[in-house]
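I'd like to ask some things about the structure below.
First chain written, first letter: the chains are A, B, C, D, E, F, G and H, and each begins at residue 1.
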Amino acid sequence: MKKEIRITGFGGQGIILSGYIVGKAAAVFDGKQATMVQAYGPEARGSACSSQVIIDDNPILYPYHRDLNILAALSQEGYDKFHTLVRKDGIILFDEDLVEFDAPADVAVFKGVPATRIAEDLGRVMVANIAMLGFLVAQTEVTSADAMKQAILSAVPKGTGDLNMNAFERGFQHQPAEIVVGAGAGV
Amino acid sequence: MKKEIRITGFGGQGIILSGYIVGKAAAVFDGKQATMVQAYGPEARGSACSSQVIIDDNPILYPYHRDLNILAALSQEGYDKFHTLVRKDGIILFDEDLVEFDAPADVAVFKGVPATRIAEDLGRVMVANIAMLGFLVAQTEVTSADAMKQAILSAVPKGTGDLNMNAFERGFQHQPAEIVVGAGAGV
Amino acid sequence: MKLWRTPLDAEKVRVPHGVVSVIIERCKGCSFCVEYCPRDVLIISRNFNKKGYHYPEVVSEGLCVDCNLCEDICPEFAIYSDPVENTPAPATKENT
Amino acid sequence: MKLWRTPLDAEKVRVPHGVVSVIIERCKGCSFCVEYCPRDVLIISRNFNKKGYHYPEVVSEGLCVDCNLCEDICPEFAIYSDPVENTPAPATKENT
Amino acid sequence: MSEQAVLTGEHFMTGDEAAAEGGLAAGCRFFGGYPITPATEVTEVMAKRLPGVGGVFIQMEDEMASMNTLLGAAWGGMKSMTSTSGPGFSLMMENLGLGIITETPCVLVNVQRGGPSTGLPTLVGQQDMMQAKWGSHGDYEIIALAPSSPQEAFDFTIHAFNFSEQYRLPVLLMMDESVGHMFEKVVIPKAEDIKLVPRRITKDKPADYLPFKPDDDLVPPMIEFGEGYRVHITGLTHDEKGYPVINAEAQQPLVRRLCEKITKNADKIYMYDERELDDAEVVVISYGITARIAQQVVNECRAEGKKVGHLRLITCWPFPEPIVRKLADRIKGFVVPEINLGQMSLEVERVAGRGIPTICVPNAGGEVHNPEDIHAVIREVLK
Amino acid sequence: MSEQAVLTGEHFMTGDEAAAEGGLAAGCRFFGGYPITPATEVTEVMAKRLPGVGGVFIQMEDEMASMNTLLGAAWGGMKSMTSTSGPGFSLMMENLGLGIITETPCVLVNVQRGGPSTGLPTLVGQQDMMQAKWGSHGDYEIIALAPSSPQEAFDFTIHAFNFSEQYRLPVLLMMDESVGHMFEKVVIPKAEDIKLVPRRITKDKPADYLPFKPDDDLVPPMIEFGEGYRVHITGLTHDEKGYPVINAEAQQPLVRRLCEKITKNADKIYMYDERELDDAEVVVISYGITARIAQQVVNECRAEGKKVGHLRLITCWPFPEPIVRKLADRIKGFVVPEINLGQMSLEVERVAGRGIPTICVPNAGGEVHNPEDIHAVIREVLK
Amino acid sequence: MSTAPAKAAPVERKELHHPKDTMLREDRLPHIWCPTCGIGTAVSCFVEALRETNIPEEKVAVVSGIGCTGRVAGYVNLDSFHTTHGRAIPFATGLALAKPDMKVVVFSGDGDLVAIGGNHIINAARRNMNITVICINNFIYGMTGGQCASTTPQIAKTSTTPTGNTDYPFNVPYLMDACGATYIARWTVLHIRRLKKAMGEALNKKGFSFIEVIAPCATLYARRNRLGTGFDLMKFYHDNSEIQHGADTKMVDIGFQEKIICGKFVDIDKPTFLERYRGETNGGGK
Amino acid sequence: MSTAPAKAAPVERKELHHPKDTMLREDRLPHIWCPTCGIGTAVSCFVEALRETNIPEEKVAVVSGIGCTGRVAGYVNLDSFHTTHGRAIPFATGLALAKPDMKVVVFSGDGDLVAIGGNHIINAARRNMNITVICINNFIYGMTGGQCASTTPQIAKTSTTPTGNTDYPFNVPYLMDACGATYIARWTVLHIRRLKKAMGEALNKKGFSFIEVIAPCATLYARRNRLGTGFDLMKFYHDNSEIQHGADTKMVDIGFQEKIICGKFVDIDKPTFLERYRGETNGGGK
């Protein structure tokens, strides 16, 4: 089944890397098809950035999102920009310390994770994205946990494997404090 | 009536200028149609050069020679290269001190002029070409004498008008020492 | 338009003073202004602006000498000072 | 092929002499060889080559010291000298 | 300013010289150039003549530079021009694109020689005709004129300047070595008899002016630097204000307008010469020096009673589709001699369709066609 | 030489990275580059990888320079490559011609962005397709491949090197920003499973060797500098010995051969992908990223029972005329979506003729087609 | 002439207007440059310097090439042109010749001016073209993501020299000197007062004036070389720059994180291209 | 080892073979250069110098651009490549990197190398690319008919400066020096011995070596300036050149028919591009 995933945040949070890891996990370690594209442009300098992943069992033709299944938002700006694109039966994951919202609109499920806080706990704020990936796998099964771990290990700098695995685990284990069922929810 | 004239010699003899003068005389001062093209190329550096003039009452389309009426040769190399291109009823003018030939082949009329000697007499070897133009007009009436003179005066450096007119006159007056009637001559 | 700043000779006998303004939403939190202000007028706020940058705040208002250094060094055109006279005096022929 | 010219030390004690050859049809009559020959070996011929240039001729054959200057300065590769020994002597160990 | 800009009178000059005089007569006062055979004479005439008429000639370090000086001078209010040949033309391609996107009027003369690469520097070619249309990256439309004589080199340079001012773009004079180096009579009219299109200067005040807001004909009025308009002009995709906007929403209308200002006005731009087309069964299509040879062949054919007509392209770009399409519906075939291995003939083929043959008479360059070669193809088609 | 040249295995990488890896796998050991978005990643991968495999990376001062280093390195016996995008591609045009006339094998990757001029540096375009064919002055033929995925970027770069060695010319990989910047799975085979065409080194002794005397397939065998052959290679028109000869007699056979070595071998070069053409009434022709969108539309059409087929161009140049012509004789029309205002569609139109419609689905760049726009045109043609 | 109101309390404003806004395209701010990038500071100094000259603003044009610095043309509220990569100087040449009454300023990056544009800058200097060139040297290609420039010091890491640059960089003032530039100065963006002064001098000069402005590229140069941010580079400039007016340009090359010699190196007078072309000078004007 | 036969009388020959013919493409002689053109003499010195080095001829390549001088590549019997105008140096760069065992010589004109090719020569010098550059400076564009070059002295007339050049020319050795060239010399073609020696030194040098060869262009430069022929220019060189080895390159500019300072100006050693790239040097190799 086809899944469209967008990960969003600001420059420096490792957003592109996260997209790359999700895509690689699916394509290389889960043996599925996957594409990942990112927003480019001088506009990207220091401001919002995002990566679009598509995972499918069949070859993917159109590599851009038309109908978002999953949004993982690590910044307010990213959330604001993309949350309306999520399908009614989609899911929004967010860093609960960085994203605030009023009416959760038309989307089925909202789940928060303190990804940045987890990372800070681990002493390296830069692994917040990996915590989010753990959470993502746990909540959506978009890839297998194994594939995701392998992908992470293949992508992060040498010597940071344990740290990243910890972050992943913490995100994976996190029981979402907040599950908001939106207007059009079917869950 | 259409006339094709080729003037040939070596670099420094003012061959291109001569072609220009003939063309200009016909086009501007005789009110006819005329084209002039020249051989270009690094090959032209210091070696044989030539200019092709066509004069006609009607617009000229093809600006290159197909059937030469007149060849004016100021060098052996030029003569050797082009004399076979002249029509059977054509005419070849040549500097009698610079050009030698054995069998005059198929061409009607050969007429010599000591153009370079005339110019040396006048103290400026560079007006040999103008002496040749005088001879050309007298022998072929390819343009009117008047037009040719005007064209010369418009083309030569200021202050050399008289000298050039002298050279022209000497060439014009020259009675060819040698008229060779070739094999296919109709004259 | 050429007179947006007090002409130097108008200040002849007085110590110039300035008041600093920050266009908060332009600031990208580089701290240049804070670091290079000769009078330590500024500190970086604990607050974020909308883009998530910490902008500068005035801590020692009276100390600003309107030197414009913060203004010139700011890469974002986000801060500037205006001259004020804290010892107001009638404008006389001598000192204008 | 590297030995087309007498090695310098082979000439140690003798005054070298040369014989000049002109490839007439290559010459463009620049006179460089004539002008710069240190021994005035050459003059410009009154004859033309096929292209109409006056080429050099040897006037003082015996004077050529095989210095190769004409050869090197000629822009046309039209002149060169070959070494000759006009006081032939048997090649001994000392002077080879 | 002591000399005459318009050399009214009769002259005997080359196509190169005539193009330079045409430029001067059109009001060109800036020439940024780099010498190259066989276009050098354009440069040399300009070097000699411009100071005398209050203009500026500058020889730049290369063709990228000379192309850009034209754009600078044009925004400084001058009519500007350059000349080059194949290798230099290739080097100008990037910044031709800058002229296109910034809608800068100027004129480029390409005196075509044989290619590819250094090829035949002194000999004729017509091999840059497709490059004229497609040589710069990105989508755009162009105007390119091909003269067949020195007189036309003069006349069409003036047209080129007029088109460049009317439609605000670099216009190409696609000469060939034969025309460029051939002397022929050139009649230069009186200055007052030369119709010039003035620069389309805005009537708006600086505060109201939007540099890329088009008039009804899709062409925006221009300004000159230094007059207080404080415009920003960029080679990036931009909005009507001229500000860079990097997205498809800005790109689509901009690039479409740049193309449509030519395609939608094409009927006003097309120039061609029709000879004996009315009853023609075969039509020769040609341009530049080749048109003279072709016309001679057509004359010979007519003399033999063959129904052969001649369509001479003057604007090769935009390619005059309507007339070709109209002819295609009623003739037996097109014969397209050109000094290349088939360039404009591809356009003819495309427009004519497969109903009738379009036969190129190819010639890889170095000399003009042998008339007989053209004749032979005509005979073939007439059969 | 400590690293692996062929990264056998499964990867998740961009088209840019894959093109670089494809080059390395094809044996490329020289890269002369100049950074430009969106092709920079090719350069960066090469900068990182080449020293480890015994190769040389050099960042040159501009694109004219980088293009020429390829030629120098190729004559030095190396397989060489560069990458660029529109503005740099334009600057390479002059010396692409030098590569053509000197028959120098090398590979140029153009990752296309939106133009003209600086345009949209970070966003997609397919607007340099005609420039690929016509961007340099003079007559020539070219080989240009368009990948639709990172995997193809890898594979086709190898093809490009093979073609360049087989036919001795610079070969173009006409990528687009979408493919270049998109991550996808790339499977790199074992080194021994990659078929490489070796350089066609002459078997002649130096004394017998004529550098431009072709084999039967019109391609002359090559040599490497420094091996005692003492060849002279020039961008001027030349004879079989390689010596400059400036006349039509030398030009005609040389330029014709340069073209014919491609046109006469075209059947061996054409690459395309046919999908459901057998019963198709409408055929979509596309390439690059657009082919993926088009295929999706075709799938949707088929699902709706519409007889729509898809011809995906892999070699855009030489343009596969025979298949298009064959299709034209039996279908209702062609639909050609491309991210430009109509480039390859002109070729389709020319080859297809006027009997059936060829309709371009234009897109001036910045983003890929909305599938619905393609769908709408198909519906129109099917009516 | 009026002075500010003599009030002790800060002026209350609804909307803040930066005094430099009239010189800027305010509607395009904030600009695209990264936090702690030095380009903005150079622009700040430039508009200030321009204001202090008496050149009417409508008689000033700014021409840029492509790059982060190339975006300067788009932010100054003057006639401005954003050319292609490397071609700002020839555009400026055409403009300066068409408009001798204008002051044409080229404001661009080191890659743009000294790498791809190298041939133009050396020739413009040679001709003594009447333009002012402000070159932001951040030792890197910023816009395209941090590749090596012809100014990148040896050892420095860039995306195309991942293990450290092995090339010798240009000593740009020396290069300009060898081409005959009539005004050559170098300052870092930390030297705001002196930079402003130099810019004023250059603007007031007839002929080819050149200012090399050393500025931090935070995102690429600093980060990749683990030098912190632009803030840290400013500190580095503070500690490591040395002012040597009139220094022999031969001696002012810059090594990786080594001393930066600043100052006004050359300030001479000779006729410009146009003065010589128009014969407004005696003799050949040598 | 054998010496020539010890005969007093001139050797009788049927066909004359010039000793340099093996180094030349004899089948292409006579060459296209004009009478009294200096290019041929420079080639003569070059083949002689090459012979005197011990570099195997098959390991030498000559690369030229376009111009009269550009034709040199077509006359030497070595692997040779005639590139496009201005691009000899990047071609040579690619070749030299692919073939580190070869000596790559660029032999081209002043217009080709220092006008259109300006950006390449300064960068090749900066990189200390392992190539030898021989630049025939005839102060003019010969091939295209005598236009102004970036080296044309002020006052000199050319077809694009019909009333005399008003531009300042490059001082080419100074320019090369500012870019870091490791060997810089200038000789006229009259200095055949010294030129030959310099060429030999350059050929034996690793790194970027540069020789400016002042040579007459008879047909265009001499004639248009009423200086006679190349013969007269040779005389002029004789009377007006001054040898100053080690001269400050800053001081060696050339005015119209003014003193020509010749000599070896620079001869230093530093690692080449490839040595640094391959890490065959200590540290950054500065």
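The rule is simple: a contact is a pair of C-beta atoms (placed from the backbone, for glycine too) under 8 Å apart; a residue touches a chain by one contact, two chains touch by 3 or more.
None of the values given here were measured: they were computed from a predicted structure.
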item: Chain hops separating chain C from chain B, counting only touching neighbours; value: 3
item: Pair of chains whose C-beta contact count is the highest in the structure; value: E-F
item: Chain B and chain D: spacing of chain centres that average the CA atoms, whole Å; value: 44
item: Euclidean distance of C-alpha centroids - chain C vs chain D, Å; value: 85
item: Chain centre separation in whole Å, for chain G relative to chain D (CA means); value: 61
item: Mean-CA-position distance for chain H and chain G (Å); value: 36
item: Chain G: positions in contact with at least two other chains; value: 33-35, 66, 82, 84, 86, 115-116, 118-119, 123, 143, 150, 273, 277
item: Contacts with two or more other chains, residues of chain C listed in rising order; value: 28, 51
item: Where chain B touches two or more other chains at once, by residue number; value: 41-43, 46
item: Contact set on chain G toward chain C in their complex; value: 1-4, 6-11, 13, 16, 18-22, 24, 29-31, 33-41, 43-45, 48, 51, 189-190, 192-193, 196, 229-231, 234-235
item: Parts of chain F lying in touch with chain E, wherever the complex brings them together; value: 64, 85-87, 89-91, 93-94, 97-98, 100-102, 112, 114-123, 125, 127-128, 130-131, 133-140, 234-237, 246-252, 254-256, 258-259, 340-341, 343, 346, 349-350, 352-355, 363-367
item: Complex interface listing, chain G residues touching chain E; value: 25, 28, 57-59, 61, 63, 66, 73-74, 77-84, 86-87, 89-99, 101-102, 119-120, 123, 273-274, 277-278
item: In the complex, chain H residues that touch chain G; value: 115-119, 122-123, 126-128, 150, 154-155, 164, 166-171, 174-175, 177-180, 249-250, 255-256, 270, 273, 276-277, 279, 284-286
item: Residue ranges of chain E touching chain B (in the complex, touch as defined); value: 10-12, 37-38, 121-123, 177-178, 181-185, 289, 292-293, 295-296, 299, 367-368, 371
